[in-house]
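What follows are several structures.
Same chain, two partners: chain A is paired with chain B first, then with chain C.
After this line comes the complex of A and B, so read on.
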């Protein structure tokens, strides 16, 4: 039924199966939309946020998806500016993942501000002394860049590409993509950094406060660095999950290995810098503010030294050690472990820098304040995940996201595998291909 | 925010922040305008060639 829309040279599941899958995920999406409407109509009293937790689950999710979406700007930088041609096989998917992450981040902000109709205030009545203003500017502009990077892929759809104007538009956009990629890298550097800068300048909260360079605390640089290091790991992870779900190899090994290698070295350098930063904070900054290190990791039910160990050692040095060695990144099992650990590591880092900061007491008469999100917060945080799955499913079905797919999965092989051995022997492969429906042939 | 708005102040913060925003928006806008105009021209040229 939709065979005319499916890219040439690839095989897709029947439409009913696809609709069933999208419908099942759509139910989760609708649950999230319902919770979102509750927050908009009834207000932020639907959440468990309070005077202690002005930043809560949403801001953690926001910072996390932005960091994970960093794979798009970093892969784009490597592909278009540093000329790593081999990454052309994965750049489409990196852009798609980045698009999902950034649109999700904007969606989360839309319900976090409580009054989305006043979203434009930040541009018109900008507070130029706030790092969050820079975040808003760069985030919006970079989402525009990601949309521009995503449009040529949409225009490559078989039906759309038949229209002359769209065909040429896609071609022209490809031609000057380096300009957009460079702009995107510039914008990403600043908004990733400013998100890190926000906790770093909180001099009233010694758990987060960092010294730095000029107006930028060290967390500014660490956030950008960690996004560039762990974002590509997320791209690899989603690629591997997609390959597992579709039971097909979609990207050539050389592209994944190069990305994994660069990511490994980035994680190693980042985690060394993070370790130095933590040591300096623990031995100089914290005592200078009148605290001892153990104060931030004791007398509460959740936050112990384990979080520091998990973030730096298990989810930092371990994936770096796996990915920088050829043997580690070539082995599928260790590659899976490394990318999962790297992704968990950046999630833990953002959790500590958003929620542990809020939980830790700052005044002598205060104690630790714990927080558990309401179901509305959980549903609205799961909403972008469902949206992402649906968008990936639609893009995978109708757009040539993976340029290597026809080459890695020749139709003759797929047909031969699907048919009974006797039938496969009886009929020549060429005839089988001629009998296929247009979408499959 | 533009320099002609009443909130505008001619200081470094406003110039850097708002200058950066308009600079980025201009690159994106000009880039897309170039692509669209060139696509219209290319498509019409192709159409003319097909007629001849």
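After this line comes the complex of A and C, so read on.
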């Protein structure tokens, strides 16, 4: 029914199967939308946030999706500015993932603020001293850049591409994409950094506070660095998950391996910098405020030294060691492990820099305060995940996201495989009726 | 007029709270809520959700009977000056909804400007900032008793102690009408100061040698909360008890000789 929309030379599952999948995820999405409406209509009393936890799950989700979406700017930088041609096979997907991450971040911010209708105040009454102001400006601008980077892919849809204007528009946009890639990298450097600055400038909160360079605390640089290091791992992870779900190879190994290699070196250098930062913070910054390191990792039910060990060693040095060695990144199992660990590592880091900051007492006569999100917070945090899955499903079905897909999955081979009943059974996502003529139908 | 010109330095309103005098009666909290139209809920037992611009903490020295000692510590907003007016909360607010007045040293909150991002709350180590998780609901008839000088706040914005700034505005207006430029010490006092039956709270211009706070802040027993963080607060505390003074800040094991104070209730 929708075969006219499906890219040339590729095969997709039947429409009913697709609709069923999107519908199932859509139910989760609607659950999130319901929770979001509750928060908008009834207010933030629907959450388990309180006056100790002004920042909680949503801000963590915000910081995390932006870090994970860092794969878009860094891959774009490598592809268009440093001329890593091989990455052209994964850049579309990196942009799509980035687009999802950044639109999710903006959506989360829309229900995180107490007065959403005043959201524009951040632009209109901007405080140039606030890191959040810089985040808002750069994030919005970069979302615009990502949209521009995403548009040519949309224009490559078979039906849209038939329109002469759109065909030429898409082509011309491709031609100048390096400009947007450079702009995106510039903007990303600042908003990723400013997100690091958000906790880093809190001189009233010794767990978060960091010294730095001029107006930028060290977390400014560490957040940018970690996003550039772990963002590509998220891109690889989502690519691998997509390949597993569609049971097809979608990206050539050379693109994944190059990205994994660069990511590995970035993680290694980042984690060394993070270790130095932690050591300096623990031995100089924190004692100067009257705190010993163990204060922040004791007397509470959750935050112990394990979080530091997990973030730096298990989710830092281990994935770096796997990815910088050819053997490690070539082995599918260790590659999976490495990218998962890297993604978990950046999530842990953002968690500590948001939630642990709120949990730790500063006044001597206060105590640790723990927090568990309400179902409304959980649902609204899952909402962007459901939205992302649906957008990926739609984009994968109707847009040529993976340029290598037709080459890696020749139609003749698929057809031949499907004619053998045993094999056809093993591949349920492939249309059984096979009159697909997917491309030119 | 001559007398007024002598004192040219910018004002820096602040407080000195004598903890040896404080009985923990809570009159300052009640007066503050009534004066500033602070909203409340039917059940105020969850202190993580209730709004208390002025909050009285109960501290003990952690010793067993008969050495147990108790201290009540009233905690308003510290109106931190930071370095050059960059108090922890003011510099982070993305929409300039909170401001440091170079004229008075008071940290203000503009409720109609605040869009509820709560970054200021995250930045405040004193937990002096509160979010309106609910719209205020006043018991029947209470609307008539609200102060007309303070705007009630709506759901979704942050609020905090203003050092009863509206009283300063009224005092300024009165002085202007009487042809004066300066406000006398007794013309501008916060509601908590006036309500304290023990006279534990003193309020005034920390820069003005004629104000009581000027001398009191120099008392050898004076200290401020979390001075080491560089917040530069304008609320001073007095206590003759060493453990109370130590409770004002964090110290490493080799710095502090006394056990850490404990908070109850």
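Simple rule for what comes next: the second predicted complex is superposed on the first by the 420 of 441 C-alpha atoms of A that agree within 3 Å, B and C clash if a C-alpha of one lies under 4 Å from a C-alpha of the other, contacts with A are read in each partner's own complex, and residues count from 1 in each chain.
As a working rule, a contact is a pair of C-beta atoms (placed from the backbone, for glycine too) under 8 Å apart; a residue touches a chain by one contact, two chains touch by 3 or more.
As the structure is a prediction and not an experimental result, all values here were calculated from the model.
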Touched partner set for A:133, first chain B, second chain C, both or neither: both
First (chain B), second (chain C), both or neither touched by A:214: neither
Chain B versus chain C, judged by how many residues of chain A each one touches: C
Which of chain B and chain C A:169 touches, first, second, both or neither: first
Touched partner set for A:183, first chain B, second chain C, both or neither: first
Partner chain in contact with A:16 - chain B first, chain C second, else both or neither: neither
Chain B versus chain C as contact partner of A:148, first or second or both or neither: first
Partner chain(s) touched by A:82 [first = chain B, second = chain C, both, neither]: neither
Touched partner set for A:372, first chain B, second chain C, both or neither: neither
Overlap of the chain B and chain C footprints on chain A, listed as residue numbers: 124-126, 129, 133
Touching residues on chain C, where the partner in the complex is chain A: 46, 48-49, 57, 59, 73, 80, 82, 86, 88, 91-97, 113-127, 129-135, 154-158, 225-226, 228-231, 246-253, 255, 260-263
Contact footprint of chain B on chain A as seen in their complex: 123-126, 128-129, 133-134, 137-138, 141, 144-145, 148, 164-169, 171-173, 176, 179-180, 183, 186-187, 190
Interfacial residue positions of chain B with respect to chain A in the complex: 1, 5, 7, 13-14, 16-18, 20-21, 24-25, 27-28, 31-32, 34-36, 38-40, 42-43, 46-47
Contacting residues of chain A [partner chain C, same complex]: 43-45, 49-55, 112-116, 118-119, 121-122, 124-127, 129-133, 136, 198, 201-206, 287-292, 295, 357-358, 362-367, 369
